[in-house]
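Dropping the structures in below, format is structure tokens.
In the two complexes below, subunit A is the common chain; its partner is subunit B in one and subunit C in the other.
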Partner chain A sequence: AVLRRTSQVRPLHGSGCGQQQEAIGMETRPETFSIFRTQENDPACQSEQHLGQYYTVPPSHFHTVFPHGLPPRYQQQVKTFNEGCVMVRQPALELISHLKRADYSKPTLRYLLYGVKGSGKTMSLCHTVHYCSTQGWLVLHIPDAHLWVKNCKELLPSSYHASRFDQPIQASNWLRNFRTTNEHFLSKIKLRQRYVWTKRESTEEGRPLGELVDMGVSRVKSSSDVVGAVLKELRLQAGGTEGGFRLAVAVDGVNGLWGRTTLKKEDKSPVAPEELTLVHNLRKMINNDWCGGAVIATLSQTGSLYAPSSAYLPQELLGEEGFDSMDPFVPVPVSLYSEKEFESCYLYYLDHIHFHHWLQHPHSQTEEGKKELIFLSNRNPSVLERLCAFL
Partner chain B sequence: MQMQRLLLSTYFLFSPERRTANMAASGGRTVGSFLWKCGNCCFNFNTVSSNLTRQVLSRQLCVSAVLHRKNLAAAGPEKFSEEFIKKQVEEFNIGKRHLANMMGEDPETFTQGDINRSIAYLFPSGLFDKKAKPLMKHPDEDTFTKALAVEKHQDRLRGKDLFTQDAKQISLVGSRWLLKEELEELLVETISEHDYARFIQLMERLLSLPYCSVEEDFVQRYRRQLEIQSSKQQVQPLQYDQHGVAYSTGDGRRKTATGTVLLRDSGSGSISINGTNYVHYFPVLQDREQLMFPLHFMGVLGRFDMQCSVSGGGHSSQAGALRLAISRAMLSFLSEGQVETMRQAGLLTPDPRIKERKKPGQEGARRKFTWKKR
Partner chain C sequence: MAAHTLKKSIWSLGRIHCHIYGVNVRNPLNRATYATALSTNHSSQNKGFPDRGNKGPFNRRSRREAGDPRTDRMPVDQDWTTVYPTATPFRQGSVPLPVRMGFPVKKGVPPEKKGNLELIKIPNFLHLTPLAIKKHCEALKPFCTEWPSALDTGAKCDEHFPVKVECKDYVSAGTSLRNPSARIVHLRVSLSACVNYDYAMYLLTVLYHESWKMEAWESEKTVADMEEYSWEDSPSQKNIMSTLVRMQVAGEGEGEAVREELLGRPEVQEYRDSVTRLKNEGESESSMHQYRDAVKKVLNL
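Right, the complex of A and B next:
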């Protein structure tokens, strides 16, 4: 008889190791552990022994922690498999260990994840973000800085600063997601300054942050300024002793902040990134003149503008200006899958494809098929994922 | 047996309109011997319905010129001897009586003409050739005369010790018949297609006869040898670099793209094309599959390291050129048999397709201009 599991959280099952063939129609033996999964779902407790294994993000946390940060293909995969499994990999573990040992009274350290396209930078970033949120940090996750410098339909001249431009839609979207992620902080943090939005509206000192964020979400026109205010407040209060919290700024595609934009003013002249309010404020955030947190950034060529597809090193993608601003930073290279990681990824897909969907190319389970997959994808995670999606 | 015959005769009586010839053909218990003579070959369905034995043997003897000899040569219990002929006559008579019973006539006064008419009635045939229609005749009349004459000839030969069991066949492998043009050249006269087809047919017939090896020279005059394909490949010997690692080069071309490959042994399956990784150079899966095919076919996927350089053409043709180059470079690492399998898989054949010329009066090679009615 065929076992169909439709429960929300899949119970851990085993498919054995190596190339064990399971005929269709055979019941799977429920084993407690598999080679490629681990029970350790808390990123804080993961260590080198868990390298290469998948841990499940508890579904309750999933939507709060990652409302907007995940790569789109991964989101589809989560929806298909009905669970969010992240692989424990070396770059993420390195980052987490740095974060554990860092001294938070000193100016913030900046970490930069870089690697070839599709090697897993965003996923490592998300892993770190999960760690930060489990540790009770306030997470400022910007899903893709490139989204702010291109494809913007509405550009309003900023009310605050004459030469700058506002992006209301992007700002309000981001504020909404920020609210979902950090619900519990919003009531705790109090504003230290009075903000005046229009002649009639202002936010007093001492009001909770949540009010500010709500205002930004509802009043779309001034949302970019709200973002700027939020960032400033958080910067001031992050290292504070009274009710101090740690601030994690996670920016994906940070090279977008210093490149060129595709946006144009009404007179068809290009807009430089500095002229955008959001970008301006974010740059201030990334500067290491505040303490009590960390800045984790990834480079991304995929969404970047005017960058050749073979570029992946920090100098190439950040450019002169970016590199100078980011300097000094801790570079964290993200490489392609190692043997072990490839093995577990392959087993993971096999397991899902075999067990949950009953679509299997019988050849893919054999040793030959595995060699073919290694060749075709060259152990590149995204390519492998795309390949396995066919099967 | 009696019972069966009775049943069958009653069956026939009750349904005289049943004209299925299957009656006779569905082995076993037919009532007589029906001889079906066709133009070229005769099939003789003999059913021995012996009175005593329970088993019904239905022996099929193909009395065609070919198989007749082979049968004799193989295991020849069936000799056209006198007793055999006597048996056949007996069977014919019994069959004649049964036929008369079927038609409701007197078996004693059943003449050959009556037999013919009843057969024509029971087994109507739409064939035009008289010889092809079913017939039932007394065995003495010209059935076995040919066979007997052949037998006599064979006995004479045996007497003279010329009747050797000769199973020698002319070897036809690796040669082909002459083409029509070559035959015309040989005979110094024009031949129509029909004639040529007939010629080939006759030669094939000649080859199918036994003892054709006697005329081997005659036959070989009209055959040409085919060149062996695989001997055309020149396999270069392996070269070794300073660390003792074997390497070889190969180049290939496809449709204006040229590629060269340096294949190194004992590697890890890493490939670099023009200095970049192959996953970046060929983002399309199809191109990478093309690269993979020669290695995967021979089962050496993780063994070689490759340094490739390619230029010209588009991405598909570059992939095809590299594939050919890889196959050629791999030749020096493989054995003869594997080279042959690669050749048969088509890995070593350069793809001859190129861009077709654009013709005047048309927009492209095949596309015509838009046709306007007026």
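Right, the complex of A and C next:
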């Protein structure tokens, strides 16, 4: 429907960038004149005046902060555009302001991002994680809790607790990514307890955390228990007065921790989530019986099991058990793009036509084309992205 | 259907042969109206139909000719009940209507009734015309008793027979005898017809006192059985209490006094209302917003 007319390429809206291009025919990108970009790349310094503008994540941060956390389509976009730009939006700013002002000697606060599919919950979470990372927090990012309750090829009975099950592959993958994100903490944090793995192997008190993590990555069989130990140590030590650090627990798809799994035991009976070591330990992290950090979670219907596709409100996706565990939490709604945000996103994609040949179709640059995009996408961020990628 | 097409193809083949050889020989496979030369040229032309020497189901030499269909000889004012006295499958030669049924052939219309298996498959009610039913009723009359002459008005029937029971039976052609709608029976009683006021009051008093009695098993009522969500003693209350105590909002110390004090605070009341609203009314944007504001106030954000 969008490919009906071919009209002259005339940017009608006030895109300073575009008009400058037409007039002067410059090759370089006049970044300072873009109204949809901001130079403020530090999340700590962003405020309401930057709302709707894109900031660039420095490339050096990409691999360390987000080894596994970004949505797949966004990762592709980063590869195409050769830069990672995130829009500054209200939910993330709100979260960051809460994190700035919170009192870390009190019990942990839980924040829950909720919204319809494709509204930008995971991106807001990643924005907040970037903030935490730049502020020197230790980030525990679980990219999708649903991955731990479905499609697990190997389920070993736990050695630590008779009725529980281990997931070695998932645990060791996660440990590897955790190690990449938090390299600098691994040598600083010392264990407060002795952990015995087998008759001959144990990790002594006072050893650095890095040793524990390395052991978990190499000895895959006990990796789930290593994850449990790591979480416990971090919980005990976060917010401590000497050498204390702040701990951010970022869980995407937290509704996967309560509810049902698709895993089955050998006698074909279903496995409940609490029978999985990883889930059991993660649930302990989400409780607010520790202090010195924050829990930021998002709900996700995509990838969730046995949830209707129209469900997006917290109680629907979390269920009674989940709600009671998370209660009291601060729900943060993530809405679709506002007028200004849509404008900004549109200009951002348009910008790439000059340098990266995206949004190729000439019709998409006219006012008519823009109205069509608004109508087709209903200002839903992910739908807009798919439409523009298609053009 | 297969037999029909087989017949047709042989017929057309036969016609061709007829034209070619100019011989009008009776076709051993079909009725005499379809003339073919198959009996003589059979083994050499048609490999698919081996000559069995006048034996087998397709070979019947002595077959009487079919006459005209009965429809040609039907007068307009005939007695239809004699044509279809009972339930029988559709016979195209007996039904004088130009009925068509089936998926339309290319560029056309549904196929005609001649040789139409679709019409034969479906149930028909040709044996149940109004006249036939009238005849049935007349035949059944000797076996019926008369309606009581005293019950000539509706009011009198209601007076003597206040309880009315209505059952429905369903007839359909299908795989099963049973129709679940037939299990519904309506029993009607008019309340104004019940005359005993004293008895009614007695019943109500008994019910009232019975409802106050607690059975032993009622104490086993669990949270899941409750009709409404009550915040007291719920996980939500426990969570917020423990959080607030740990936050030392009310000052040092634990115990009943602190709990009471906390429960009395307006933020906690607001929080309680919002959680109750969420659980009882279900979720919506507005109830979520209310919960959000309440949590922010309670946790001092």
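The rule is short, and it goes like this: the second predicted complex is superposed on the first by the 358 of 391 C-alpha atoms of A that agree within 3 Å, B and C clash if a C-alpha of one lies under 4 Å from a C-alpha of the other, contacts with A are read in each partner's own complex, and residues count from 1 in each chain.
Here is the rule we go by: a residue touches a chain if its C-beta (ideal position, glycine included) is under 8 Å from a C-beta of that chain, and two chains touch if they have at least 3 such contacts.
On a predicted model such as this, the values are computed, not experimentally measured, just so you know.
Engineer: Applying the document's definition of touch, where does A:N288 land relative to subunit B and subunit C: first, second, both, or neither?
Structural biologist: After superposition on chain A, A:N288 lies in contact with subunit C alone.
Engineer: Which partner does A:S338 contact after superposing on A: first (subunit B), second (subunit C), both, neither?
Structural biologist: The answer is neither, since A:S338 touches no partner chain.
Engineer: For A:Q76, decide between first (touching subunit B), second (touching subunit C), both and neither.
Structural biologist: After superposition on chain A, A:Q76 lies in contact with neither partner.
Engineer: A:T198 contacts which: subunit B (first), subunit C (second), both, neither?
Structural biologist: Neither partner.
Engineer: Comparing subunit B against subunit C, which has contacts with more of the residues in subunit A?
Structural biologist: Partner with more touched residues of subunit A: C.
Engineer: Where on subunit A do the contacts with subunit B and the contacts with subunit C coincide?
Structural biologist: Subunit A residues touching both partners: none found.
Engineer: For the complex, give me every residue of subunit B touching subunit A.
Structural biologist: Residues 269-271, 276-280, 285, 288-289, 292, 295-296, 299, 301-302.
Engineer: Contact residues on subunit A for subunit C in the complex?
Structural biologist: Touching subunit C: residues 98, 101-102, 106-107, 109, 114, 288-289, 313-316, 324-325, 327-333 of subunit A.
Engineer: Any idea which subunit C residues touch subunit A in the complex?
Structural biologist: Residues 234-236, 239-240, 243, 246-247, 271, 275, 278-279, 282-285, 288-289, 291-292, 295-296, 298-299, 301 of subunit C touch subunit A in their complex.
Engineer: Give the list of subunit A residues in touch with subunit B in this complex.
Structural biologist: Result: residues 116-117, 309-310, 368, 371-372, 374-378, 380, 383, 387 of subunit A touch subunit B.
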